[in-house]
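What follows is a single structure, written as structure tokens, with notes after it.
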Amino acid sequence: MGRRIGARIVQAVVVLWVVATLAFILIHAAPGDPFGYDAPSVTPAVRAHWRHLYGYDRPLGTQYVLWLRNLARGDLGYSVSMHEPVRDALANALPRTLYLMGVAVVASFALGIGLALFQVRRLGTRRARWAGAVALFFYSLPDFWLALVLLLAFAYWWPILPAGYPVDMVMHGYMAPWPAFVDRLRHLVLPALTLTLLTTAAVARFQRQELLDVLPLDFVRTARAKGLDERAVIRRHVLRNALIPTITLFGLALPALLGGAVFVEKIYAWQGMGWLAISAIGMRDYPLVLAAVLVGTAMVVLGNLVADLAYVAADPRLRVG
Amino acid sequence: MSAPARPAPLLQVRDLRKHFTRTRGVVRREHEVVRAVDGVSFDVMPGETLGLVGESGCGKTTTGRAILRLVEPTSGSVHFDGRDLLALRGGDLRRMRRRMQIVFQDPFSSLNPRMTVGAIVREGLTIHRLAEGEAADRRVRQLLEEVGLRPEYAGRYPHEFSGGQRQRVGIARALSVEPSFIVCDEPVSALDVSVQAQVVNLLADLRRERQLAYLFIAHDLAVVEHIADRVAVMYLGHIVELARARDLYREPLMPYTRALLSAVPVPDPGAARERIILHGDVPSPAHPPSGCVFHPRCQHPAKDAACTQVVPPLEEKAPGHFAACIKVPAGA
Amino acid sequence: MAEPLLAIEDLRTYFYTAAGVARAVDGLSLAVAPGETVGVVGESGCGKSVSALSILRLVSPPGRIEPGSRILFEGRDLLALDERAMRAIRGRRIAMVFQEPMTALNPVFTVGDQVAEVARIHARASRAVAWKQAVAMLDRVGIPAPDERAREYPHQLSGGMRQRVMIAMALMMKPALLIADEPTTALDVTIQAQILELLAELQREYGMSVLLITHDLGVVAETASRVVVMYGGEAVEQAPVAALFAAPHHPYTRGLLAAMPRLGLLRERLQTIPGTVPAPTAWPDGCRFRDRCSSAWERCAAEHPPVYPIAPGHESRCHLAHEPARRDGPAAAGGRAVRA
Amino acid sequence: MSADGVDRARRAWARLSPGARAAAGVIAVFALASLLAPWLAPYRVGQQIDIVHLASLPPSWAHPFGTDRYSRDVFTRILYGGRVSLSIATLAVVVSATVGTLYGAVAGYAGGAVDTVMMRVIDALLSVPRVLMLIAVLALWSPVPVAALVLLIGLTGWFDIARLVRAQALALREREFVVAARALGAGPARIVRRHVLPNVLGPVIVAGALAVGNVIVLEAGLSFLGIGVHEPLASWGMMFQDATDQFVSAWWAVIFPGAAIVATVLAFNTLGDALRDVLDPRQLPGHAALEPPETAHG
């Protein structure tokens, strides 16, 4: 096991290095000045100071080495729009994104697998077809559109939920523990629901196909011939096999989920990484944008690593040669 | 192997080996060498059919493909009509392919589902520029007719045909480039008995009409007896016995061949017969036994420690009858 | 024949496909006596495997067993049972062994688990007890070091060992009837010999009946006491094994025997049956074999042949039973002349 | 397309479900409507009819989908927006499908070390979150020309198709008809062209249909963030961006472009699903439960 983990970690580091290099190339190939912030407080003198500070007056090769060294130290530059080092800005935002995505992942995998089981158990019935149509519908929705419609519906037309922010920005600090907890939950509902609905649809579609692929296999017939009832056949023999590929879906779904989180955070003013990245675009705060991409990539690489190892652990054909 | 007066062999295979490296397991990675074909030698005369029999995993299919260089042999030599096949490269090899063809086992996977039967048969003509346009059409119709299919079928797709008909298409494809040698890789084992007989008869007729030489690979000993002039028996990558068909089936020398023959069920309920049941499984070609590869399952009364150490050479024990067993006396 | 253990009467299993109704099994009747081995032979498409699945009611949609079919087992009509009662029979009174032991075993469970599962379902055995029984059963079917093997996964075993596992799974509850659907087709001849011997041994020991489905006449000759030849979804000939091979009556049976290459019996060319099996969506009217039969005459097109008695225990669905003079020797010769 | 292709398409159409045919109809309607936008649209594209009196009007007979805050007719803008959204999506998917198919076919047919390296590259590229990546690149270069946008979207979307094609090609390589072609003396180029590509076309078409839906959403999202399409062009996503600020007061300017996106994407996804059912290589003619006549016992 050790060697495999080692190999995968090396691979992950290589991926991050490639992305970091790409980011470096991007910054330098991009038109305009990376320090060309449109802010009245930035005087030419400040600009020159920054250039020197971040080594932009040195040869490209040196800059590249510096860039990598800073990255390795976790120094991602200074964010003008946030008025703090990028690292600090991300340190505040990342947990919020992980929190939102974590809730959505757990909920959507549970719901998606359940929905797929429902469809496969009632294969060919009207209800199963409806479930499939609903999954397809949500699968086709643009993330930002669903976010806006839910916001419109539940925060304006029928205002039962708050319209944005992870907590009540004014009152939260004064709340007792229990109301503060409820406040958190109420703010979580809409963004988490949006992300969950979209991901559930994708998981359900994937899982249904996997279940349908396993269903006609010979060993399912063997299980029936043993005298198992259909529920047990599906739960024990079919699902167990069909869940293995779903592990890879976890890794593959992360980039999409992260993409969805960008829009959801933007619309619900959920101050996570996506929100930060988009605000940074408006401010032409490039170090922050690139840092968001790098951290996002690191998240996905890590997620894939976990999924990969889980896959090997779950499939006896890979585990024991 | 050939007596001086006889004509030169069409195909001469010497010490052919094909070793695969297989990676097992993801967690505990092991690279192991699978000796699929491990030192095989034989000749095929012009117009002769050599049967190659053995159980699954014995290396018979790999042997057939290595000869045609559809898998690259690890070592050894293959001479076809005097030319060293393993020395050929690129265009020379592709030109040589006109002379040697292959017919496959699986009538479903051996034909491209997206091509019409006519296009399938025509492909060889195009590649070797044997015929074009009208002439090619005529040739395709002729070939289809020759294998017992209606020429009007040229426009149809493989899925519109039954298994036996597909095998005929595969044979027509092989014939299109007018080879003198065909590797028949289990050509009838996927077919039902009644259709199998049709295809075996067709192959026999074509051989007679065109003086074709076959390497007829099969696991069904009865089919091979019916069509082969000589038969080679393979076990774990080695040829363990090679003889004229009649000799091999009447008086098998190798204990393995005897067991194999006795295991074939016979459609004759009253027949008194002595069945030799081999115990255990065929060992993995990645970890072949030492000495004689058959020794762990061998039931020869004279089996002893020498069998576990000495690799038995394939020796001529009787005129034209070769066996790889140190316990079989010469002149048996 | 004593009161049969299993009696199939006019079984019809149809598949409702886009290409039409495929009458895969269409009027099959056969019986199996206690302790007897009945061989069912036929080429692919004759309906033999679908028949086997029909007995256990394991035919999946779009397949359906038609009303009017009857499958009497130990005096009860299986087709009239509710699903719950049927489950109590599957794996306990009637067990099944399939053709491909690799795909018939679940790749993600150990073989011990899969064998033990049968005892857990039907005997409500505890995990530990079921496991112990499973190991004992694996030992009984000749798996060396069953303790260790039980903890392995199917892909770690050889084809022959996997088929032994399948047999162990089938025999856990000592069923009255074992249906073996091409149990040795995926195996090599030397392994086939081992498995057939094991099956014969276990049958004697347990006193069970066996319904052996195969395409190989050789396998039938060596294992069965009675043979049913299927063609076009129905039984065309039934006879004790010796009688069938000594004096086959139906032209199809004769053709099949003649087409089979046999060890030590060299012929200039093999006999063939011209043409191919018709599609189950379109069996010919009258006799379903008439298009390929060299003895066919007008009556064969006009009248679906009934079952004619030939000798005690020997029946044939061929009008030749009435007009034997019309027979023109064994099936027509000639492979080249056969046009597809 | 060859005569054979037309024939296959006809047969595939005959096997499509009514829902899938409806989806194809919806796509055809949208494509035609945006193609004919200059003739169908009641106003000129971008025309501000009367900024004082006719801004932010709810739907009416004169303005079936209302007007936006600049007094532009939403219906007209949707027709023209369809041109932009559909053509960007289609072109980007053509880029993705071409690159992905070639890359996958080469990796799969070559196999061995070449395949391993090529697939490691894909694994790495798949780890980069596409949306974030596009945001970063587009933000740095903003505003980008449409052609660059198409290329960027296309070149970040071919990995899945490449993996799909590679898996198919790898399987095809072992198929006996490919071995037979080699035995006949066919070179690698001929084998890939005649034997591999025609057999991966079906799955690629399915993946392509699903990808079009995906890219419409993606482009809309980028435009919504203000880094996709730029004035004077308008895509559905941009209309969205224009109107979000006011979506409480002028919901029609948000809902209708959104509905256009949803309807189109749903149609492409429905069609993709249906095509998968029809073109699935696992579903051979006949039925699996029936033994194919004359063969089997494999």
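Just so it is clear, A, B, C and D label the chains in written order, and each chain counts residues from 1 on its own.
Simple rule for what comes next: a contact is a pair of C-beta atoms (placed from the backbone, for glycine too) under 8 Å apart; a residue touches a chain by one contact, two chains touch by 3 or more.
Keep in mind it's a predicted model, so treat the numbers as computed, not measured.
J.: Let me check something: if the centre of a chain is the mean of its CA atoms, which chain is farthest from subunit C?
T.: Comparing chain centres, A lies farthest from subunit C.
J.: Looking at mean CA positions, which chain is nearest the middle of everything shown?
T.: Taking the mean of all protein C-alpha atoms as reference, the closest chain is D.
J.: Quick check: more C-beta contact pairs at B-D or at A-D?
T.: Greater number of contacting C-beta pairs: A-D.
J.: What's the distance between the Cα centroids of subunit B and subunit D, rounded to whole Å?
T.: Measuring from centre to centre gives 49 Å for this pair.
J.: When the C-alpha atoms of subunit A and subunit D are each averaged to a single point, how far apart are the two points in Å?
T.: Here subunit A and subunit D have centroids separated by 23 Å.
J.: Round to the nearest whole Å and give the separation of the Cα centres of subunit A and subunit C.
T.: 54
J.: Measuring from the mean C-alpha position of subunit C to the mean C-alpha position of subunit D, what distance in angstrom results?
T.: Distance between chain centres: 50 Å.
J.: Which parts of subunit D, given as residue numbers and ranges, touch two or more other chains?
T.: 285, 292-297
J.: Would you please write down the residue numbers of subunit C that are in contact with two or more other chains?
T.: As it turns out, subunit C has residues touching two or more other chains at 43-44, 60, 215, 276-277.
J.: Touching at least two other chains at once: which residues of subunit A meet that condition?
T.: Residues 216, 320 of subunit A each touch two or more of the other chains.
J.: Going by the contact rule at the top, pick out the subunit A residues touching subunit D in the complex.
T.: So the residues of subunit A in touch with subunit D come to 11, 14-15, 18-19, 23, 26-27, 30-31, 136-137, 139-145, 148-149, 152, 156, 216, 252, 254-256, 258-260, 262-263, 266, 274, 277-278, 280-282, 284, 286, 289-290, 292-293, 296-297, 300-301, 304.
J.: What residues of subunit C sit close enough to touch subunit B in their complex?
T.: Touch residues, subunit C against subunit B: 43-44, 158-161, 188-194, 196-197, 215-222, 241-242, 245-246, 255-257, 259-264, 266-267, 269-273, 276-277, 335-336, 338-340.
J.: In their shared complex, at which residues does subunit D touch subunit A?
T.: 120, 123-124, 126-133, 135-137, 139-142, 213, 217, 220-221, 224-227, 237, 240, 244, 247-248, 251, 254-255, 258, 261-262, 265-266, 268-270, 273, 288
J.: Tell me, which parts of subunit A touch subunit C in their complex?
T.: For this pair, the touching residues of subunit A are 124, 216-219, 221-229, 237, 240-241, 244, 314-317, 320.
J.: In the complex of these two chains, what residues of subunit B are touching subunit C?
T.: Subunit B residues touching subunit C: 55-56, 148-150, 153, 161-162, 164-165, 168, 192-202, 204-205, 219-223, 225-226, 249-250, 259-270, 275, 277-279, 281-282.
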